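Heads up, the next two complexes both have chain A, just with different partners, chain B and then chain C.
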Partner chain A sequence: MIERGHHDMGGLPAGKVRRTEHAYDDWELRVDAMMMLLIGVVGDSKRMTVDELRKNVEALAPADYDKMGYYDRWVISLTQTMIQRGVITSDDLARKLAQVQRRGLSPISRRQRTKGR
Partner chain B sequence: MRKETGSYQPYSYFQLMEISLRELLVEKGVVTEDAIAGAMAAMRERGPERGAAMVARAWLDPAYKARMLADGSRAAEELGFEVPGLRLIVVENTSDTHNVIVCTLCSCYPRMLLGLPPEWYKSRPYRSRVVREPRKVLAEFGTKIPPKVQIRVHDSNADMRYMVLPLRPAGTERWSEERLAGLVTRDCLIGVALPQIPKKPKSRKS
Partner chain C sequence: MTLEKLGTVPLYGVGARVRVRRAAPLGHIRTPFYIRGHAGVVERICGAFPNPEELAQQRDGLPAQPLYRVRFRQKDVWPGYRGGASDVIELEIFQHWIE
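The block that comes next holds the complex of A and B.
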């Protein structure tokens, strides 16, 4: 029998649907925008397919998958795909991460959660 | 740097990753900040009004409805809504079938017509349960489907998206297209709600 992936949850028991809505933060919309550009739905910067995004989301460890927010998973998957595609290297990423971190703290808006309509 | 009221928090790991990835892609000439801003603005503009406009048109124009059920993507384009690279399938509610959409594997959603999906659509409980006990899940949304009406659940995927064409409510016979569109909420287009005529309609002056 094929074991199902962690993301493959159709039909499994689960709790009540919590009808949460989520006002997306700017950074989340930027991840979304990068994705749309990189899969070539808009513009001419196509560097990957949507299946690669999904593959790399599905490759996350189950515990991480559950803990991470939706765009948390996406940004990790996008970054991973860009490394796999050779668009960026892991050295580039390490250097850039350190650089960004050195710039220090900055305000971020808290996620707003409101009750569903 | 942007100033905001409220407490200052460090970036999360994932935000650091977003900034780093974006700056690298810009430095390497893959994307530009302008293109990202443009895609964000376009996404913010998309909302369920688009799907609602298609539904209202279908309710009033049987020929459009037939075209919409035959080819959802083209019917969307007819009203000026682009659905690039995707096959849109519109599923029609009837007196004996109710439709509801989900993406059990991830979060596929007719985002070009409805905007970004609500958080619950992407949640484990919805994705897991709506395929097994749709009637119960719909009841949790306050939507009671009579037992004689069968429920069909459509599982979306990366290349194929569904949208529900709800039943036009009785008592809307002389309504304008615009007024009809006003009844069609995002949740009606997902299939977890039914169009509701407001209990106390405002007196309309014409």
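The block that comes next holds the complex of A and C.
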């Protein structure tokens, strides 16, 4: 029996919380925008619910969950959701990723790579 | 979403003493682990909303569940709590998680 999900960490010991604002990378802003469109906060099409986003974030392997940032989790989760809903297939995704890889880094990702994270 | 529109009648009123169910089902659960089994007082009724446990699974989540803001005493929730005795924590809990 799973008593407590890995993500359900309220009350567990943790380090200090950094309370300062930080800038977002371009890709993070894109993921945020994509999510707003998919859940229909912006625009007319409602392709998923925020609850599905949460479900698929919670389904991440604990080790992955811990090393990922907020928008890393989102992009994985919303992609899983699009596969579950049949908007895209795993095969579509694999082919597209291979295509992007062949093309090389986009100007945006090149900029971010040099900026470092 | 208003209660009137959905026709959902809340079982508990403001001020009612309620206890959160102690359960650990699979699926997408919005009731944090740390509050399960604890008792508090209904501070307000927030409305009624489609059940997120169902929305997460591509179903409509209807009938909507009343959502309560429940006030708990911190010292009841955390063993060895060192803050003030009157400190509280409020959580929003769906009706089906209340007994």
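The criterion applied here is as follows: the second predicted complex is superposed on the first by the 102 of 117 C-alpha atoms of A that agree within 3 Å, B and C clash if a C-alpha of one lies under 4 Å from a C-alpha of the other, contacts with A are read in each partner's own complex, and residues count from 1 in each chain.
As a convention for this text, contacts are C-beta pairs under 8 Å (C-beta built on N, C-alpha and C of every residue); 3 or more make two chains touch, one makes a residue touch a chain.
The structure presented is a predicted model; accordingly, all values stated were derived computationally and were not measured.
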Does the superposition put A:86 against chain B (first), chain C (second), both, or neither?
neither
Comparison of chain B and chain C by chain A residues contacted:
B
Scan A:54 for contacts with chain B and chain C and give back first, second, both or neither.
both
A:29 contacts which: chain B (first), chain C (second), both, neither?
first
Examine A:76 and indicate which partner it touches, taking first as chain B and second as chain C; both and neither are also allowed.
first
Based on the superposed arrangement, let me know which partner A:3 touches: chain B (first), chain C (second), both, or neither?
second
Chain A positions touched by chain B in one structure and by chain C in the second:
8, 10-11, 51, 54
Show which residues of chain A lie in contact with chain B when the two form their complex.
7-22, 24, 26-27, 29-34, 36-38, 40-43, 45, 47, 50-51, 54, 57, 66, 68-72, 75-76, 78-79, 82, 87-88, 92-93, 96-97, 99-101, 105-110, 113, 116-117
Residues of chain C that touch chain A when the two form their complex:
24, 26-29, 32-34, 52-53, 55-58, 78
Complex contacts: residues of chain B adjacent to chain A
1-4, 6, 8-12, 14-25, 28, 30-31, 35-40, 42-44, 84-85, 102, 104-107, 116, 118-120, 122-129, 131-132, 137, 140-141, 155, 158, 185-187
Chain C contact footprint on chain A (complex, rising order)
1-5, 8, 10-11, 49, 51-52, 54-55, 58, 84-85
